[in-house]
Amino acid sequence: MTDAPLLEIKNLSKTFGTVISLAGVSTTVRAGEVTCVLGDNGAGKSTLIKILSGVHRPDGGELLMNGAPVSLGNPRAALDAGIATVYQDLAMVSLMAIWRNFFLGSEPTKGWGPFRRFDRQKAIDITRRELSSMGIDIRDPEQPVGTLSGGERQSVAIARAVYFGAKLLILDEPTSALGVKQAGVVLRYIAAARDRGLGVIFITHNPHHAYPIGDRFLLLNRGRSLGDLAKSEISLAELTRLMAGGAELEELAHELARDPSTDETARLYQEEAKG
Amino acid sequence: MTDAPLLEIKNLSKTFGTVISLAGVSTTVRAGEVTCVLGDNGAGKSTLIKILSGVHRPDGGELLMNGAPVSLGNPRAALDAGIATVYQDLAMVSLMAIWRNFFLGSEPTKGWGPFRRFDRQKAIDITRRELSSMGIDIRDPEQPVGTLSGGERQSVAIARAVYFGAKLLILDEPTSALGVKQAGVVLRYIAAARDRGLGVIFITHNPHHAYPIGDRFLLLNRGRSLGDLAKSEISLAELTRLMAGGAELEELAHELARDPSTDETARLYQEEAKG
Amino acid sequence: SSENAVNRDDDDTSGGKGGGTYGLKIAVVTHGAAGDAFWSIVKNGVEKAGTDLGDTIQYSSDGDPQKQAQLIDAAVNQKVDGLVVSMANPDALKASVEKAVAAGIPVITINSGAARSKEFGALTHIGQDEKVAGEAVGTELANQGVKNVVCVIHEAGNVGLEERCAAVGATLGGKIQNLQVDINNLQSSQSTIKAKLQADTAIDGVVTLGGPVANVAAAGIAEAGSPAKLATFDLNAEVAKGVQDGKILFAVDQQPYLQGYMAVTMLTQYKANLNVLGGGQQVLTGPALVTKENAAQVAELAAAGTR
Amino acid sequence: MTSAVATTGAGDERVARVGPLTRLLLKPELGALIGAVLVFAFFAVLSDVFRSASGVANWLDPASTLGIMAVAVALLMIGGHFDLSAGVQTGTAAITSGILTTYYGLNTWVALLLSLALCLAIGFVNGYLVVRTRLPSFIITLGTFLMLQGLNLGVTKLVTNTVQVNNFDQIQGYGVLKTIFASEITIAGAPFQIAIVWWVLATILGSWVLLRTRFGNWIFAVGGDLTAARNVGVPVQRTTIALFMTTSFAAWFVGTTQIVRLTSIQAQAGFGQELIYIVAAVIGGCLLTGGFGSAVGASIGALIFGMTSQGIVYAGWDADWFKFFLGAMLLLAVLANQYIRRFAEQSRR
Amino acid sequence: MTSAVATTGAGDERVARVGPLTRLLLKPELGALIGAVLVFAFFAVLSDVFRSASGVANWLDPASTLGIMAVAVALLMIGGHFDLSAGVQTGTAAITSGILTTYYGLNTWVALLLSLALCLAIGFVNGYLVVRTRLPSFIITLGTFLMLQGLNLGVTKLVTNTVQVNNFDQIQGYGVLKTIFASEITIAGAPFQIAIVWWVLATILGSWVLLRTRFGNWIFAVGGDLTAARNVGVPVQRTTIALFMTTSFAAWFVGTTQIVRLTSIQAQAGFGQELIYIVAAVIGGCLLTGGFGSAVGASIGALIFGMTSQGIVYAGWDADWFKFFLGAMLLLAVLANQYIRRFAEQSRR
């Protein structure tokens, strides 16, 4: 058991109606490691993690947790197996208060028998604490989630998953809507979770977010795997190139500037591309 | 007239119930220039652009277009004034086909009188063309938007705004959900629109996206303006620092890595921070 | 504890099984709502006649005149041997009834539509307009010294119910006002009747248009402490009991069972023997007043669904 | 960057192949159509009159007026709203025409135009209140439903002293009206109501508007996502009000058909029908939450309802159990529809 | 990075100050409450009997049974569903109890338990079909609504040969039942029905469940965003089925109250009431689309409906126009409610 990775994905595939979203994708996630899933829009990243969190059932392939095959028939099963997910579409109920959303599906209770009830005060306190430790200063935990800004909503979803994540934490583009500060906080959170021994799957479009923290990189393209590499097998420059082509980035910076010759950004991109 | 900027925003403010979203914000957008709005989550960026696109009415302040005060009572008025917007929440109808969404509210028609009808073929063709020129290869324009991936949806919204943008193009975090390639395409689009003489308002959390293309930078913090600067008044390094603090970024890279001394990312961030 | 079975039939009032072998197919299309107490007794009547004579009965009903016309058309399509129709809205049924007559199907109208029956080509009409029954109630109430009546309508806009109230008013000679209640929520109907009596203490008479409403009206009158006298159209077991107990002054009975039973019987006889009772004159089935004197006799029959 | 221009359409490796049958089965109306075929087959086996020409003419008749309303109501539902007053508005239309002609002696055509104007005004008020107050249309039209019900009865009683308006066939021009609204077309010896033709036309028109006009695009958008529609500049208020007025127009048409057919109208006419319209639309695949559905589906829903309600009579089942059978048939029809769609979705992999 | 830990709660410069009155006005139930006060004041001015103790007792009576149902229906609506069969289920409960005792001689308590079991089973079937087929609850419960309507009539006719079940007061244990379901409490000389107490208890219980239990949290989530709820592991199916069974329980309770009060029950009892339950819930601020509402609001909605329908009688208005007034009052109540909320929202700046 000790040697088996926390999660092993073997040859997973999934079709929606006429659309093949995922075809034969494999990777592994180890406890205390971060596996990054990278790829263009529509590459199938969200589909992959939705299978891992029990939302979709795969059409083919196998999932092994600690070496034993598991079937995650529904999100509850995944949660009970210790898998917590931040969905790209966040999975929050807009009309409900922040603290109610935070504990949705895992409400703390007090009292017993017919008098068992939602421990409101505890829920509100934890919500406030967890969010403020992410640098999100909520004004009123009773505010409906629907009235939060995009980034605030994202932060609530992340705080929730981190709080409930037991063995495996999945984050689907958690930093995309975040400000630079907040993104930093999220990366820190991921590192902290990893250091606590959790396995983490992290989806992003930003190689600068992925590379510092990733231990393994799964590259998807149009539903197929382009490569499943350990960090030692790839450099940031290569990763960036694989994701977009370094030369192209450089070219782009030139193109965007009005007067390329004097533009410092171009230089920066060039440097980056060189690695 | 010639000297007046395309859009002048003076002392705009907006309150939602008990929440002050925007308090006395001013900036200008000139034709053929890009104004970037930067700021933390919840800073009020989306609120600002929703006022400009006629979704919300401001509680105070003034809007001038070409020097003349305008009141944008509803989104139609804004569209008719030549303002096209990509909303952060995209403003697409999930159940409707891509091509129907693309032309929603501005449907091309053919025929006359009672036989005037939606020019389907034209709409489908334009949709396919515009999207593929953005590098999005849609399989079936009849696919409901709700089944597209997050990034694909974003691309459709951007393609639509670019297609319909007449004088002023507003993009609220258009690149946040996009892959590196697609983000590059969007930046190129913005540059192209600018070069065609449109004014552009571009909201982003990524200084690397903002700096190469921006001519003016409006920095918001908790609803208030931190500064409204021309490009000449600020460098990328300063901008990055203002958005997050350069030193902190560097520190973060160290923190995230397991063994900071050997990590190349740390070096990279350091360099970036130095500018 | 089978002593709970207070309603179990102990003697059969349905009058034997009958041994007829006419084998006709007779359609009955009425305007009564499904579940309406009055029309369920009519249905019992036609079905009993069917078993007695060995005829096949096809009963259908719809309160909407157009739908009722379509039901008649359906019966004509099936080439039934005879057709029984109640005509609350004769104009609406004209075309369909005439089509039936033209197709050679003998038609008998029941309950309402007497005035137009002949014109449409029906053999005869059984029963009478609500008007006759209403006038009887009005006359009787006037005899009892009632001057200010509230007439409880349990289905807004129902032609038959409105006719009943109007006819009561015509012979009462006093003041009459309508009150609307919901037959499907009798409890709140009781509150409404009570409210009316509380609000207008001058009311000295209540007329209800169906058995179930009569019972809650009796309770409402008692609770409001009103001196109003109660009369009702149509019978059921509880109404019979109420009349016996003096809670209800009298009930007017149009003998719906007979309207149904006789219609089928006469059609059968017409097909078999070309007989028409009364030679095509309207055959009256009422109104019969059920009062304290004769209530005890019909109580049992009402409980069995034949009165 | 090598701008990856699309290899237009055909031949994307990510698209699995699908048979044309499966594609067909996935259309919402087709599921309903199969439900309709099942219901037809069921009753056709039970009764040969049901499947005879005159039988078909008979059950197409109630389906036709229901169908006209169902198409309008479906459009409204796709636009995200209900109209509980649609049923009584048919009564209001007929009562107004009837009273204006037979009691106030107005010219037939003027009276019809006035009752049309009244209906459109009611539709306008419904729509206007809905868009201005942003209250759910359910509650607004419930208010107008109750008010119209009271008005229909109150005015009829006031003017006629009874609860019905008679003798509509004695007004001048009745012959023309009869030709338009209530003539019969004989096919295979059976008289088919002209309303069936109107129904087919209404379905085609409804479908065309929904799928081929910009107004149709707006209907889907307003019902699918109101905020998004407003943000992209769809005239939300105008669209909503137009939808309510369309329903009112259909109600006027059906009400007029009724009074012309029956030559009289009752004060309670149309009451309770509003739910049946909605049922037909829902059976036909319209989402109650708006944004999805079709006019053809609603028509098929009306067909299923018409076949079932008349079929039970042809089958000779006991009237006491009528509602039971009706409910069971409806449930079976929608379940079959759903099952077929699931099956098609499964098999298209 | 200087992790900007929150200066907890109070004193955020971005939060404008708001008076406690405005805060109060923003609660949905409070808008409805003001509507209720307006309706009361209106009729109290028109009729002094309306505001007398016996008058109050009289209009609280229909409001109470309606209110009990409205609370259950509100919970279901917040959970995103309708139950069109709720009304006829009250009839089913009463008819079953009545027939089992007075015709089949079953022990009173056994019969009541059996009818309760039947109702819960119906609720279970409703919920199960809804979660399994994913069809809208509107269409599923419409099916059961029609079927139960047919069953109520068919079975009653079959067993009793009439359309009602009588003599429920002659069964043993009726005294106890009467005490529980139909006793009267005299206050200020007027007899108040015990159902009013049950109504208040139901409202408190409903409110407590919604706001203070995890089940309540699930109800809001399931109705607010089904996908999100499922994704975070809310037992969606269990919650939905439990909601339908709650409605059925309430229907059983109200049905039993009816047969005990009236000592007899009609085959058509409860038919059409389902819409009134929904109306009460909507007047009280429940969203038709689910995810928002309150038990207290639904109760106040029931109160408004009860006051209005009886108040019109106290005011002595012409019965022909009853529905007109009812509709106008309802519309005015919801418009006033809406206007007050808008006003509060404006003024809180």
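Going in written order, the chains are labelled A, B, C, D and E, and every chain counts its residues from 1.
Just so we're on the same page, a contact is a pair of C-beta atoms (placed from the backbone, for glycine too) under 8 Å apart; a residue touches a chain by one contact, two chains touch by 3 or more.
Predicted, not measured: the structure shown is a model, and the values here were computed from it.
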Leftover contact groups, counting everything except chain A: one piece
Required steps from chain B to chain D (each step between touching chains, minimum): 1
Turning angle required so that chain A lies on chain B, C-alpha fit (0 to 180°, nearest 5): 180
Chain D and chain E: spacing of chain centres that average the CA atoms, whole Å: 30
Distance between chain centroids, defined by C-alpha means - chain A, chain D (Å): 47
Averaged-CA centre spacing for the pair chain D and chain C, given as whole angstrom: 35
Centre distance in Å when chain A and chain C are each reduced to the mean of their C-alpha atoms: 73
Residues of chain A engaged with two or more neighbouring chains: 18-19, 136, 139-140, 181, 184, 244-245, 248, 252
Residues within chain E bordering two or more other chains: 1, 14-15, 153, 157, 318, 320, 322-323
Where chain C touches two or more other chains, by residue: 34, 156
Sites on chain D touched by chain B in the complex: 1, 3-9, 12, 14-15, 208, 212-214, 216-218, 220-221, 224-225, 227-235, 291-292
Chain C-facing residues of chain D, complex: 47, 49, 52, 54-55, 58-59, 61-62, 65, 149, 152-153, 156-157, 161-164, 166-167, 169, 258, 261-264, 266-269, 271, 310, 313-314, 316, 318-320, 322-323
Chain C to chain E touching residues, read off their complex: 1-8, 33-37, 40-41, 44, 153, 156, 177-180, 182-188, 190-192, 194-196, 198-200, 211-212, 215-216, 223, 236-238, 302-306
Sites on chain B touched by chain D in the complex: 53, 55, 74-76, 78-80, 85, 87, 90-96, 100, 103-107, 109, 116-118, 120, 128, 131-133, 135-140, 181, 184-185
Contact set on chain D toward chain E in their complex: 133-136, 138-140, 142-151, 153-154, 157-158, 275, 278-279, 282-283, 287-289, 318, 320-328, 330-331, 334-335, 338
